[in-house]
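Shared between the two complexes below is chain A, which pairs with chain B and chain C, respectively.
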Partner chain A sequence: MKSIKNQGSNLCFGIIVIVLALIPLLYQCGMITASSTILFIGKCMSFAIVAIGLDLIWGYTGILSLGHGLYFALGGYGMAMYLKLQSTGGAITDFMHIGGLTELPLIWKPFQSLPVTLLMVVVVPGIVAGLIGYFIFKNRVKGVYFSIISQALTWAVYSIFIALSPYTNGNVGITDIKSVFGSIKGNMNFGNLMILFYVSLIVLILVYAGAKFLVGCKFGKLLIAIRDGENRTYFSGYQVSRYKTFVYVLSAILAGVAGAIFVNFNGCITPSQMTISYSITMVIWVAIGGRGTIIGAVIGAFLINLCEYQLSSGGFVEIWQYVIGAIFCITILFLKGGLVGIVKDRTRCKKKEKKVEGRALGVNS
Partner chain B sequence: MVQFINTLFNGLSLSSIILLTSLGLAITFGLMRVINMAHGEFVMIGAYTTYVVQNLFAGIFPSNVQWLFYFIALPVSFLITFLLGSVLEKLVISRLYGREIDSLLATWGISLILQQAARSIFGTQGVNVTAPFFLRGGLTIGGCTFSYNRIFILLLVALCILGVYMVMYRSGFGKKMRAVMQNRPMAQCMGINSRKVDNITFAIGSGLAGIAGCSVALLGSIDSTIGQSYIVNSFMAVVLGGVGKLVGTVLGSGIIGFSSIFTENYTSSTIAKAVVLLIVIVFLQKRPQGLFVIKSRSLDE
Partner chain C sequence: MRNMKFKKVITLAMAAILALGSTACGNKGASDGDTVKVGLLHSLTGSMAISEEAVRDAEVLAIEEINESGGVLGKQIEYVEEDGASEPSTFATKAEKLIDSEGVATVFGCWTSSSRKAVKSIFEDYNNLLWYPVQYEGMESSENIVYTGAAPNQQIVPAVEYLKDQGYKKVFLLGSDYVFPRTANMIIEAQAKELGLEIVGEEYADMDQTDFAAIIAKIEKADPDIIVNTLNGTGNVSFFKQMSEKNYTSEDYMTMSFSIAEEEVKTIGSDILKGHMVSWNYYQTTDTKVNEKFVKAYKEKYGEDRVTSDPVEAAYDAVYLWKAAVEKAGSFEVDDVKEAIKSGEISFEAPEGTVTINGDNQHVSKTVRIGVVKEDGLIYETYSTEKPVDPDPYLKTYDWAVKANLQPIE
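Right after this comes the complex of A and B.
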């Protein structure tokens, strides 16, 4: 039974990958007319990566972070700083001029070279999350308290980012940048877009496989144990806070990588990617797709964003907010497993399901 | 000296505003363990209600009694958010007791809907409420100016705290409420209708948000994001004070408000707020339960 379930999700991911791989080819055949669609799908891939990270920490470990936008933006800004310096040739940017700076600030200097930038994209979110996670989890702050603190933290960093406009260009963010592989706009640069697209796809596949592996081994079982009975896990002799910190750092790194990919496709990064509401939007993807399953996070990220893209471009922006609010609310209230949960319930035989549920209730009360 | 008194007054004023928005949270979060992310949107509804009442008044009554609108707006805001809170509790919250994180997320969905509703009805442009004549200007004593609307908000907060205190500790309903929050099964055994108590408690918390919205409307323009700007500070005030204690919330708001204003003397106001929040987060590492702790032997508090 279990193997069939696992096979099902891998099969599903395989189909998604094949469809994604075909998209640039379809564009070349003329089946997809707008190149903006490809850019959008590229962004969706980065969203799927951050959703996987969020699912590891929320769906598996039960820690709800309302601040993953922070790490997403940290990775994004790191990448954007490199790309901006590429386009100015290492000289200082126009917004620094306006801010009154005469030479490149120290924090911008490491981003002049690509290898250091790629390292920073991983290391900076990792270190920030490591510091925060180490202290918070060591002091056994948990549940909603963690959520509220992560939310306040995101808000504080967001305000500081806006206030330090000579370094970050404030509300406008870093704009007018090309991708790592050069410009991706226009037909003659289609080759660059293809490379970027397939590199991102490979990253997504690697992240999925890695997450699947982690969840499948003993470590994954421990995460679930922490989610379902933290104190029992302590009593069994595990250093719960270390596991929590590790998975928090891991998901922050994934968010940073996702942010870096996002910038390449988006062509700019603004502090709005750092806000609380953006962070909770990420949680919405995971919740609707199905928390506690890696494939659920991927499906949620793609599905929600595709729906939003379709509706927003059709002039249904107003309705979209109502729809997403209502769907999210209903998912939380009635469908704990999200979309994947519905499919799972269908395939499982009902009798067994009832039995398991009854036993779980007995333990809780 | 004059500057010091001004700083002190500004601190008191900011604390009172934070306290007003977090008082309702202290009840819903502290007593009921429900994280109401839509609380900020209830503040927004209160503010918009004030705006609507003002416009209705302008259409019906002569201009010399215009100032009365504010005193009508206060109870109307309370009532509307009270009823909305009651409905929300019935439809959503009552299914989520004991699932704190889920209550947070579900109410976020609600807040998305409410924000969009505000945008659909009132537009994205901010609207303004003109303060009644007696709240314009300020009181000047020895070079210090105390603006009337801030003094008024201070009085309003004092009144609200007194009201909440009376309801919680000096009334029959408050007794039932505390009984249900402390030991639900035992309270039910004594014949208390716990579902009804839950409903009214949540509604009171929401109603307080409405009053907060009414006073926030005096301070600046109203738009659909007005609630979001207060909610982070309010949550931190409740957590800092210690969940479940009203005194804690008062102290928590005071600390956040005063330290924000004092830090503002050295840097810009946004950075000051951010720095204060970071300091509070560091402090919470030292005392994760907040300033006032309810002693409990249970493991999973």
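Right after this comes the complex of A and C.
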């Protein structure tokens, strides 16, 4: 029975992947008229990756982090620093000049090379999350207290980024950058966009498969055990804090990778990606899609963002946030399992009916 | 069972909204048939909405006026609105959507410097035209952006000169912590050195800081003649309220503000602000025939209690300047319009007086006006330049600025 349910979500993901893979082709044969749509779907893929990370930590382990924007932005800034240096040719940038710096700051130097940057995109969020996770989980801080700490931390780093404007360009952030594969805007650069799009898609597939593998093996069962009965898990002899730290670091790394992909599509990164409200938005994607399912996170990230993209113009331009808000409220009030939960409920109901039927038949005979 | 039905209904409703939301499609093409499509890109939700909605309203007013009088090149203007949600990355996404998916001929939009910087490279890459209506910190010029608000030399520099002429000597710099105040104060410092003014303090408040006790204490200690104020948004409300709670009026501590216009006077309160100085290019009270008509039309459309302000007027001008450029070019094509702008002959008889786009830096020549807030909540002009001041976003014509090496690197 379980394997069918699993396969259902894998099948669903398979369909999403096929649709995504077809999108650039649809553009080439004229079904999609604008390459900016593809760009936006690219951004959605990065959102799906960070949502998977959040689902691992929230849906499976029961730790509600309201500060994943921090790791998303750390990854994003790392990538953006490399891309900015590519466009200045390794020289200092205009905001450093205005800030009074005459040579490239030490902290920017590693980002001159792509391999080091890619490493940093993974390592920096990982180390930050590792340090924080280690101390927080070792002291058995949990529940709402953890959520508050994660928010405060995000706010603190946000303030630092604003204050260190010669190094980070304050609240303007790093703008005016191209992707790793060169410019992706307009028709003549469509080849670059295709490469970037498919690379991101492969990353998304790998992340999904990895997450599915993790929650499918013993480790996943342990995460659920921690979520449903932390003390019991302790008593069973598991080092709960180590598992929690590990999954926290993992989701931070996923957020960092997502941030790096996002920057490539977006062409800029600003501290607003690091704000608390942005972090909460990420949690909403997971909540609406359905937590504790992985596929729910992917669906939520895509649907909510596409919905925002379309609704926030034209007739809905001033009220679209109410629509999104209403969807969120309805989900929380009536659909605890999110969108995926609806399908799950259905199958469960049918199973029950079958069981009841079976019993009735049994009695009759 | 009833519960199940209820759930089903909700599920269906949600699915419908999501499906509708995520599949709706825009149709491409800037000018087909009898209309030409333009984009309006402002924050209509989030913290900037309150300011940007007024600007959007002015643009809509101008578009409707133009349509009534026959349109541009015989075509009616059709506008597509997008919400930037006070978030620079959203601005970037929406700019791409407007230019590429909707295929607009031009875009009127943005307010904050961070949103403008986020979309700048997009307008350059797609080769479209953005009309930016707000005064800003300068040090920028792009072929694909027309800046209809003031550059520093059309607002800040003349205001500091005015202060010197009025005999103020000890200056305290107070601003919000972001790019405009930082750059503005960098310019003011260089200029103060030249003019022999003394800077007795420089403080920055977080964007959403509400407690100014520490900063007010520093001001008391430094005892300046004049506070040059570049606070923005809610910071102004808190600062001036807390000053008035200590019974300080403009007679104790005079301020010169660059981000307080009629709208802000309304929120802060004219009883608190009366007597304080501001520097802009336009006030609702500006005495021109065109302005009389403009204020009347704006109030008629949006309500008697609405006020016009400098950014509102600059946004209104932007639409007319675009019309003038298109008519000179005889085409809606961005390259042709850019060529027309480069001629330096695009001008408009605006509420603030004649404005002309400078062909070299795409900024607009504007008359500088220093004003004082009066009890009725309006701002009255006390000084103005005789002629419109030519824009100089990089302050290249000012020796002290060149000496201080303010120019950004290439």
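Methods note: the second predicted complex is superposed on the first by the 345 of 365 C-alpha atoms of A that agree within 3 Å, B and C clash if a C-alpha of one lies under 4 Å from a C-alpha of the other, contacts with A are read in each partner's own complex, and residues count from 1 in each chain.
Just so it is clear, contacts are C-beta pairs under 8 Å (C-beta built on N, C-alpha and C of every residue); 3 or more make two chains touch, one makes a residue touch a chain.
Note that this is a predicted model, so its numbers are computed, not measured.
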Fit-or-clash call for chain B and chain C when the two complexes are aligned on chain A: clash
Partner chain(s) touched by A:36 [first = chain B, second = chain C, both, neither]: second
Chain B versus chain C as contact partner of A:185, first or second or both or neither: second
Contacts of A:329 with chain B and chain C, given as first, second, both or neither: first
First, second, both or neither for A:116, with chain B first and chain C second: neither
Touched partner set for A:268, first chain B, second chain C, both or neither: second
Touching partner for A:321 - first (chain B), second (chain C), both, neither: both
Residue contacts on chain A - larger count, chain B or chain C: C
Chain B versus chain C as contact partner of A:312, first or second or both or neither: second
Touching partner for A:159 - first (chain B), second (chain C), both, neither: both
Stretch in clash, chain B with chain C, out of 75-83, 165-173, 219-227 or 255-263: 219-227
Overlap of chain C and chain B interfaces on chain A (superposed complexes): 159, 162-163, 318, 321, 327
Chain B-facing residues of chain A, complex: 64, 135-136, 139-141, 143-145, 147-149, 151-153, 155-157, 159-160, 162-163, 231, 276-277, 280, 283, 287, 318, 321-322, 324-329, 332-333
Chain A-facing residues of chain C, complex: 4, 6-7, 10-11, 14, 17-18, 21-24, 26, 28, 44-45, 80-83, 85, 87-90, 92-94, 96-97, 99-101, 113-114, 117-118, 120-122, 125-126, 139, 177-179, 182-183, 186, 206-207, 408-409
Parts of chain A lying in touch with chain C, wherever the complex brings them together: 33-37, 39-40, 43, 91-92, 94, 97-98, 159, 162-163, 165, 169-173, 175-177, 183, 185-186, 266-270, 272-273, 278, 302-303, 306-314, 317-318, 320-321, 323, 327, 330-331, 334-335, 339, 342, 345, 349
Chain B residues within the chain A interface of the complex: 35, 92, 95-96, 100-102, 104-106, 108-113, 115-117, 119-120, 228, 232, 235-236, 239, 268, 270-271, 273-275, 277-278, 280-281, 284-286, 288, 299-300
